[in-house]
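Before anything else, here is the set of structures, which you'll find just below.
Here come two complexes built around chain A, the first alongside chain B, the second alongside chain C.
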Partner chain A sequence: MRDRLIFVGQLLFTLIVAAFLVVPAILSISAGITVNYFRGISSGITLQWVFQVWELYAGTILLSFVIASATLAVTLVAGVPAAYALHVRRGRLSRIVEEIITLPLAIPGLALALALLLTYQGFSDFRRSWVFILTGHVIFTMPFMVRSVMAVFGTIDVKTLDEGAASLGASPWRRFRDVIVPNAVPGILAGSLMVVTLSLGEFNLTWMLHTPLTKTLPVGLADSYASMRLEVASAYTLIFFVMIIPLLVAMQMFADREQAR
Partner chain B sequence: MALRVRGVISFMPHKSFVWLCLAPLIVVTVAFFLIPMARLVVTGADGPHGPAEYLAILTQPRYRATLINTVLLAGATTIVTLVIATVAGMFLQRHRFPGRAVLIAMLTFPLAFPGVVVGFLIILLAGRQGLIGEVSNRLFGEKLVFAYSIYGLFLGYLYFSIPRVILTIMAAVQKLDVGLEEAARSLGASPWAVQRDVVLPALAPAFVASGAIAFATAMGAFGTAFTLATNIDVLPMLIYTEFTLAANFATSAALSVGLGVIAWTILALARSFSGGTVAAAG
Partner chain C sequence: MIAVVAGGASVRVENCGKTFVDGTRALEPATLDIARGETLVLLGPSGCGKTTMLRIIAGLELPDADGRVLFDGSDVTSQPIERRNVGMVFQSYALFPNMSVADNIGYGLKIRGVGKQERAARVAELVALTNIAGLENRRIDQLSGGQRQRVALARAVAIRPGILLLDEPLTALDAALRDRLRGELNRLLRALGITTIYVTHDQSEAMELGDRIVVMQKGAIAQIGNPREIYFQPKNRFVAEFIGAANIIEAPVENGHLVLPGGRQPIGGAANLEAAIAMIRPETIGVVEAGRAPLTGTIDSVSFIGGRQRMVVSGACGKPLTVDAPNTVTASAGERIGLSIAPEAVRLLPAED
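Now for the complex of A and B:
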């Protein structure tokens, strides 16, 4: 009886917490497809707000995809080989490098953005282009890629694989391409999902680095929250959810599969 | 050209190849992280007050009050989040019932929501057209609106902290040795004593690790405060207004270096205590 009571109490508590997280998201989704949120859902369901958002903000959505893809490309090209190098050369230097590249996880995005602005404000073409935002996203997401690939290297015997291939006469480049990278695929995929998800949702850095011509989706969201009617802001948020939730689900499924191994 | 590069790479010794692997990362990190951070530190000491600008965060009453506000808010967020996440996480890890997976998904899905979105969700919950105001209006005839006060900010911080912490706690509960609890119980310890003397101490490293992440994230959170446009100054908002509105580069640089040092120190301390890797994000 007493155990039953404790169980019900804990269940209720957990349900309330879940409701706190889910109810506002449901409110936002319903507001985005309601004709008039103030009058409630009985005023009718419509997609006009979603279309209006597309007219007003399609550019921000496209730019977010461009920046997320470019961030992924850079973190793959720079991060995967680096993870390999840091794994095979375990030493003081590699620990220092690892420590430095993980610093952006501890330093607030605002500080990093100010640092970039103060350093590159003189290079006006660079500062005005979306590549400037890209640099911030790369620094912010790089540790996730490097760590996730290194985590996989920690579970497989890279050294034996590498030496085996070397004894067969494979060059370092071929070993990296044909032996190391295929073995690192789970880490590369997990890291990639993380990088794309974080880049699509990044606001703290991007808000400081953007110009009127380089607005990303979260920047546009902040803009609509401040200046648009509630229905439009909600429809915009709805589009963001539709983009980000499949990525989150994929990430979750990936984590579950890794755990099941 | 690409072929020639590949040709050169295939004949190089392994050690040089490893260096080559590291090169792109080092170039990117130096150009877009180390040099800018150095510039930030220099700029902080470059104002009318010189290096003393770094002390302003402690000596200037307005900045000090903001710092205290931010630390208190982040601290309260951390403690409440830990309590909520421990109760819910322990429950979810120890019981199997229909709908459990859905409940876990609901508790973790806001993980990747940016701060701005969280701010907007708080407005929908407790703003002028919010659900809480609507319900309180029907029940008591008074519209409860607190999204734009420090309570709204606190609610927003809880919103993005709970999913982060609950995952760590659940993983830690899974690793607990149930045998120890059974032993304590068979020796006659009450359920409360088992929790206090066996379970909670065993979870301490997870509390430190996830608490540090929650604290550091809350200290640096900008998007939520920005959307709620609260009249409560938190450090990130102060840095933002000093930089964009007052164009006070030295002060904003010094303040953000201070914020970075605080966040980094908390995480480094937690890491040396709990042994694991601790990192904040968002």
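Now for the complex of A and C:
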């Protein structure tokens, strides 16, 4: 009896906390499909706001995914070998490099953006292109990739695996491709998951770096909140939600499957 | 039986020392010749430099500037391990968790560009040879310790290496399995007839597997010899004590006899010494009735260990003497006994360690 009471109490508490977090999201999403939010859901349900957002911001949304993919590509190509090198070389220089890579975690995005602007404002083509935002995103997300790959390297005996492959005649590149990377997959997946979500959702650095022609999802969202009716902004949230949730779920499932193996 | 490169390669380690970046000397410059087809065991306690020596031969460490490593007479010092055509079994096995058993065994062949069919045939051959049939498609984490050990060996041998290097391959296993695999490994190495260098800290492994044993101590070679030489004619106190059980006795010498509290023990040869450090193996000491041997003592304790019984005898020499008597001898603690030791069984060791 007493156990049951405790269980019910815990369940209620959990549900309340969950509701506290979930209800705003549901409200916001429902606002995006009501005809008039101030009159409530009784005013009717519509997809017109969603279509309006899609017309206005399709380019922004597309660019967001382009930047997220490019960020992922750069962090994979540079971050995985970097994590390997930092793991294998234990010298002081490696630790300094590791600190430098990690530094953007501690620096506000605004400060990073300011530094980029100060440094590269002279290169106007670069400044105006989306590659400028990509640069910011890579700096911001790189520590997440490097750290999670290094964490996996810490749990497997990389040095011995590498020596094992070398003893069988594999060149350094073959060893990296055949043995090191496949065994770091859980970390690479976890890192990728973080990099893509962070890049898609990154606001303050992007907001500083964007131009009217290089907006990303969150910047577009801020833009719509500031300049359009609430229903439109909420519809935007809905689109954001619909785009990012399947991606998160897919990556999570992939990571789970990898872990179960 | 499986076809192998007959005898493998000969190895010469020339003046190879190793000083690490932080200045610690892991290995004093040493020279070592290993004949084609020979099994050489590097034996010693941890930190004696045996693994460093193996890693230098493997190509995983560079020797200090003057050192050279030669395979079949050609200098391979500057070549990394992947170009030396050696097979290596690591203490932790270093099997690839991302590959199946068969893929692990076939990896070296894949690297060498061996076609799929030939590879499969060779893998099948090795699976049979190492008794792991049925495990080909398993993942590494589904294998027991003993199975992993076999896969590691199969993988190292698959590439038909000129030299097989084994770094404490049985250490990670429990005692019973270790004994069984030791016998298996011995038969396998004999069958392969390949040049083998085997690192261990376990003297019984060294005895059973080695054509020759290199006993190492503090980064230097203490003695090189076949198992019998190492056991019966240790060059110094360290080797005597490290290999098997040994009674080390320091005593004055008179007319070719050790002068001991329990009597006088004749020694062979070396008559003109004043004092000696002598080694006597416990099993070379015969237990007889008191008075029927020149040396007598009192039994402190008797422990029955199945095949034999170990006695600790005091009063015979300065410190308690360990005696391994046949299990048929009846004697109990407190009894006075005679100890008969053949003069040849008393091995004199150099005064300086």
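Everything that follows uses one rule, which is that the second predicted complex is superposed on the first by the 226 of 261 C-alpha atoms of A that agree within 3 Å, B and C clash if a C-alpha of one lies under 4 Å from a C-alpha of the other, contacts with A are read in each partner's own complex, and residues count from 1 in each chain.
In this text, a residue touches a chain if its C-beta (ideal position, glycine included) is under 8 Å from a C-beta of that chain, and two chains touch if they have at least 3 such contacts.
Values in this document were obtained by computation on a predicted structure and should not be read as measured data.
Peer 1: Quick one: on chain A, after the overlay, do chain B and chain C clash, or do they fit? Just give me the call.
Peer 2: Overlaying the two complexes on chain A (C-alpha atoms) leaves chain C and chain B fitting together cleanly.
Peer 1: So, A:Ser171: does it touch chain B (first), chain C (second), both, or neither?
Peer 2: Touch status of A:Ser171: both partners.
Peer 1: Name the contact category of A:Ile245: first (chain B only), second (chain C only), both, or neither.
Peer 2: After superposition on chain A, A:Ile245 lies in contact with chain B alone.
Peer 1: Kindly classify A:Leu213 by the partners it touches after superposition: chain B alone (first), chain C alone (second), both, or neither?
Peer 2: neither
Peer 1: Look at A:Ala73 in the shared chain and tell me whether it touches chain B only, chain C only, both, or neither; answer first, second, both or neither.
Peer 2: neither
Peer 1: Check the residue A:Asn183 against both partner chains and state whether it touches chain B (first), chain C (second), both, or neither.
Peer 2: Once the two structures are laid over each other on A, A:Asn183 reaches chain C alone.
Peer 1: Thinking of the overlay built on chain A, is A:Thr160 touched by chain B (first), by chain C (second), by both, or by neither?
Peer 2: Touch status of A:Thr160: second partner only.
Peer 1: Once the structures are superposed on A, label A:Leu86 by its partner contacts, choosing first (chain B), second (chain C), both or neither.
Peer 2: first
Peer 1: On the A-aligned overlay, A:Val131 touches which partner chain: chain B = first, chain C = second, or both, or neither?
Peer 2: Touch partners of A:Val131: none, neither chain B nor chain C.
Peer 1: Using the touch criterion from the header, give the chain among chain B and chain C with more contacted residues in chain A.
Peer 2: The partner with more contacted residues on chain A is B.
Peer 1: Considering only C-alpha atoms, give the closest distance between chain B and chain C in the superposition, rounded to the nearest Å.
Peer 2: Value for chain B versus chain C, nearest C-alpha atoms: 7 Å.
Peer 1: Overlap of the chain B and chain C footprints on chain A, residue-wise?
Peer 2: 166, 171, 174
Peer 1: Flag every residue of chain A that touches chain B in the complex, lowest number first.
Peer 2: These residues of chain A touch chain B: 7, 10-11, 13-15, 17-18, 20-25, 27-28, 31, 37-38, 74, 77-79, 81-82, 84-86, 88-89, 97, 100-112, 114-116, 118-120, 135-136, 138-139, 142-144, 146-147, 166, 171-174, 176, 197-198, 201-204, 207-208, 218, 221-222, 225-226, 230, 233-234, 237, 240, 244-245, 247-248, 252.
Peer 1: Which residues of chain B touch chain A in their complex?
Peer 2: Chain B residues touching chain A: 6, 9-14, 17-22, 24-29, 31-37, 39-40, 43, 84, 87-88, 90-92, 95, 97, 103, 105-117, 119-125, 129, 131, 158-159, 162-163, 216, 219-220, 222-223, 226-227, 229, 236, 239-240, 243, 249, 252-253, 256-257, 259-260, 263-264, 267-268, 277, 279-282.
Peer 1: Over in the complex, which chain A residues touch chain C? Could you list them?
Peer 2: Against chain C, the touching part of chain A is residues 156-157, 160-161, 163-171, 174, 178-179, 182-183, 185, 261.
Peer 1: Write out the stretch or stretches of chain C touching chain A in their complex.
Peer 2: 58, 60, 80-83, 85-88, 90, 92-98, 107-108, 111-112, 139, 155-156, 159, 165
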